[in-house]
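Going by the order they are written in, the chains are A, B, C, D and E; count residues from 1 in each one.
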């Protein structure tokens, strides 16, 4: 569905992306991990058509991305600045639903349902600046989920919530992804998380960034916070991702590139 | 050194802190964990004298906190908004050092050293909006560390960096804390982290918030990312904290309150 | 200044002039009262070679520059003071809001009685009228500073004055600059209005009074044209300076779009 | 008092006196770019003031009222002021003034009420309830318009007058913002060319040959610098004399200090240039103003005049 | 309670009045009459009418009525034109390039100079006066709106783009609200400017209203009356501004919340 070929991007003289190639199948959830500042957010912004990459190609459903594609949602890393301070949480969530042809009442209901799912059932009337960091982040997740996009981009979406909520949200995303057939690209710094939620984990090198490894996570589609994390395969994969990130190992790149090429 | 007694705070009718009591000894590093929206940031702001709590008392070195205490630094949760967009990273770090009576050159050197410590040696001339989320967060940490405060407050300081960098930063904070005898209050959502860096872990309930448990982490003062995490004691403490957060168990409160009272 | 931008600006001006000329040609207005644009442009070109007018223009420009300087020197500190002391602002606000809507046309006659020196008179009137936007933008700008930015510095133990100087001022600076740009336009207007209403021995306003005495509408319009043109150049210079100083502001907002 | 300046026309003797005798040698004078001040310009041009040891700095003021305010504010020493406005100011207590010299008086065709070409208004009587443009409220043109209407048998009210600058009057007439306008030269000529009609001469009947404007200062200045004022009177008197007899001289100076071109200057109707300040003439103004309610009480014109220079 | 608090904030006003009274009495200048004399004249001229008409006299109705009508129609008209044009220009850098020189040019032209040309162009008195007000008042609204629409936080715009908001929605839901604080600042500046321009219009082309009265009293050397007009203008300006602030507080509640210092 999404195909990124040889993506290159520079800010001024500073080359950030050095030729990233990656493809994501319909309904797949791909985790992206990589060192801080390597260009993950840049990659996401390119896919969303928010910046024009210096080189390479991005196609979505066969068509080249030139402007922001339809039916796409993002949870920004800097979530607090992506909420509109002049709207309540519910209105922030409901706003994009106008495009879905819902009437006022339907929008309101969908928004409240989404807020409920992220554990903010009674915060619908609060304004962003009346909420804690984690609550703002969850509003931003609720907004993206309520929109039911076919492609969902998430940039460290669970960074500001507590461990328990984080697990709940991970399961929520898995659920929604399965039920509505969304394709998801999720950036995370948590190795456990990348393995737990991902159908694949893509490891990036530091900049100029290329794909260091692309691991298939063959843990089945249904996951369970306790059971899955105790699987041997999970522990092995987690260690593998950890090693790939630490080592940045060229040794693995070839192996993993072959994984990519198999697709 | 820091003593919080029966701290109560409400935003309008909404009671957030329901009587938090906590004391931190000089040179101690206390991790604070608790559900999203429970009032951790509110607690930190009260200690920093940025908001006036509705009730209760905070004393620092015996004196009641009424205004921002001297010799204190914060890493804000919303780090991107706390950096000044009109200054380069190095200048952002160097700015507070003016109070330390350093001259221009000394400030510059101290700033560059701090940036180097957080892995941003060559980003000193970048402006905040030219940096990735994780880089901004590290600048904000560098700024606090360079200042060498006697009390350091950190609100989820490592949320936006990759696993490797996160470990490096944890060790950096432990190091600096040990070398310069800082007292640190660190909010985190990562249970492993809370145990790994903390001399104590304070678990909060959801709002109206009180202290659910106060665990002493008796792992010794020198820690090692691999060795410490493999200790049985570590695994046990981690599980304990996890249970406390999940259970929110009243059963433990009494036990832990006694820990507090022993001090 | 980008080349395409200048070109587009020129196209906009040319379009306006063409429309004005067409209106003149169409006979919709009597050209006794509103001469054709080409005539006015001719007269305006002629003024460049008129030593009388050049002396007058020089005098007006001097007054403008002095007046604007004085305005900034008075209004910015006053705004900073009021912006940081909410109680003082609350006390002074009724006076400000009372004085602000009193028109310069009512103030000029009083200024004539108070000042025996023409330059002082004009400066006083300019400062009176041009200070408001600078003052108010400074106060508004200070209120608009991100509280987290201020708290950051406060938490490092900086007192109110360093916080003002290092956070409030820089982050309000773009807004203050806008106020100064508005004030610059007002200062041109007031310099000329004061000359028109109070007279004097030199100035564009005096030139216009003289042109009026001879029923020379074309000369009056030509002088007006130069006044507007001067405002345009002054603004362009200020915008260029602003762009340099406040690059961070433009990049973070959509300004760089 | 007539011809006072004639007798002391020996500049050399005065010039000698000027060296040490004058209290003040530089005078800032408020002027208006209109034909009324032609004698001053002539006196400057021909060096009459120099001969008296005076340095005159003309400064354009936007109108008589502004001139009076500047006088009171102290930024100018003398200004051209219409008698009617000044008398009003003096009576209202705004200040104490002294006329130093006469400058301009009425003459046929120099102050008229005009209407546009196709206006139904034919005479002053038709002005009842119509909007009339005057250049300054409660001054010469409004006053004389009221007089002409009264003579024609209709009463004027304040709200039918609109203050407009002379250059704006033709457009106001054309667009119907006003029905009539009290005009002076060169605007009369301009409007006539466009077809405008004169329906009434403002300076006829009771106002024939009415004194219009003179040079004034404040009482304190007049008392402080008596010799300087006398020198000013002498120099200006010479010019008044010249101009009174030869309109060509006026035509020559007009394009210098106004934007009236030579061709227009040659055809416009000019008022009269009286050669001296006359108490009887001013008394006539005061009496008329009282009659029309402009002044509330009897006005002592002597108190507002500096005596003409005794030899 | 609230009223008392509001009055408490005005404590500086009586102080200034007393100082003014003392200074003017000492100076004994006819043009600077003491405020007591001015207030007495104001009472006589405008506020000694029957209680059934809120004490307003015929003179007050004759002076205030037409002036207020001009003021409000002028200000509202300008607000509509200014905000619409400002948003359009602020959202389109291209359009902005084309018209920017004209805007900066127009801004520096003294409005009194243009009154005659508006009169010549528009023929009738009222449209010409409105045109004068619009021309003089529009600049702060226009510039502030342009600035506000242009400097929307980039991430807000990106969010709107991501969710595919239509152009109209983007305008109404994102650009307009986020520009609103600046637009309001402009509207507020414009309100007192409108008062000023109303006076200018009445002085240069008027047959009634406060400006006309001001000119007449000045020409008749009625100084207490003239000061009365000036004071009336100041009071009107203060009242209008206070009313405007009330509205602004309601509309921009979110902004104050987001910008409050905790």
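What we mean here is this: a residue touches a chain if its C-beta (ideal position, glycine included) is under 8 Å from a C-beta of that chain, and two chains touch if they have at least 3 such contacts.
Nothing here was measured: the structure is a model prediction, and the numbers come from that model.
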{"item": "Graph separation of chain C and chain E (steps between touching chains)", "value": "1"}
{"item": "Intersection of the contact lists for chain B and chain E", "value": "A, C"}
{"item": "C-D or B-C - the one linked by more C-beta pairs in contact", "value": "C-D"}
{"item": "Taking each chain's C-alpha mean as its centre, the one farthest from chain A", "value": "D"}
{"item": "Interchain centroid distance [CA atoms averaged], chain B/chain D, Å", "value": "85"}
{"item": "CA centroid of chain B to CA centroid of chain C, Å", "value": "50"}
{"item": "Separation of chain C from chain D, taking each centre as the mean of its C-alpha atoms, in whole Å", "value": "37"}
{"item": "Inter-centroid spacing, chain E versus chain D (mean Cα positions, whole Å)", "value": "39"}
{"item": "Chain C residues counted as touching two or more neighbouring chains", "value": "30, 33, 109, 113, 146, 151, 196, 220, 249, 252"}
{"item": "Junction residues of chain D, two or more chains touched", "value": "72, 165, 167, 171"}
{"item": "Residues of chain B engaged with two or more neighbouring chains", "value": "45, 50, 78, 81"}
{"item": "Chain C partner contacts - residues on chain D that touch it in the complex", "value": "30, 32-34, 57-62, 66-67, 69-70, 72-75, 165-167, 170-171, 174, 186-187, 190, 194, 257-261, 264"}
{"item": "Residue ranges of chain A touching chain B (in the complex, touch as defined)", "value": "11, 33-37, 39-41, 77-78, 80-81, 119, 130-135, 138, 155-156, 159-166, 189-191, 242, 245-246"}
{"item": "Touching residues on chain C, where the partner in the complex is chain E", "value": "4-5, 8-13, 15-16, 29-30, 33-34, 90-95, 97-106, 109-110, 113, 132-133, 136-137, 140, 143-147, 150-151, 178, 181-182, 185, 188-189, 192-193, 196, 208, 220-221, 224, 227-232, 234-236, 249-250, 252-255, 257"}
{"item": "Touching residues (chain side chain E, partner chain A) in the complex", "value": "153, 155-156, 158-159, 161-166, 169, 173-174, 177-178, 180, 254-255, 257-258"}
{"item": "In the complex with chain E, residue positions of chain A that touch it", "value": "48-50, 68, 70-74, 76, 78, 81-82, 84-87, 95-96, 98-99, 127-130, 143, 147"}
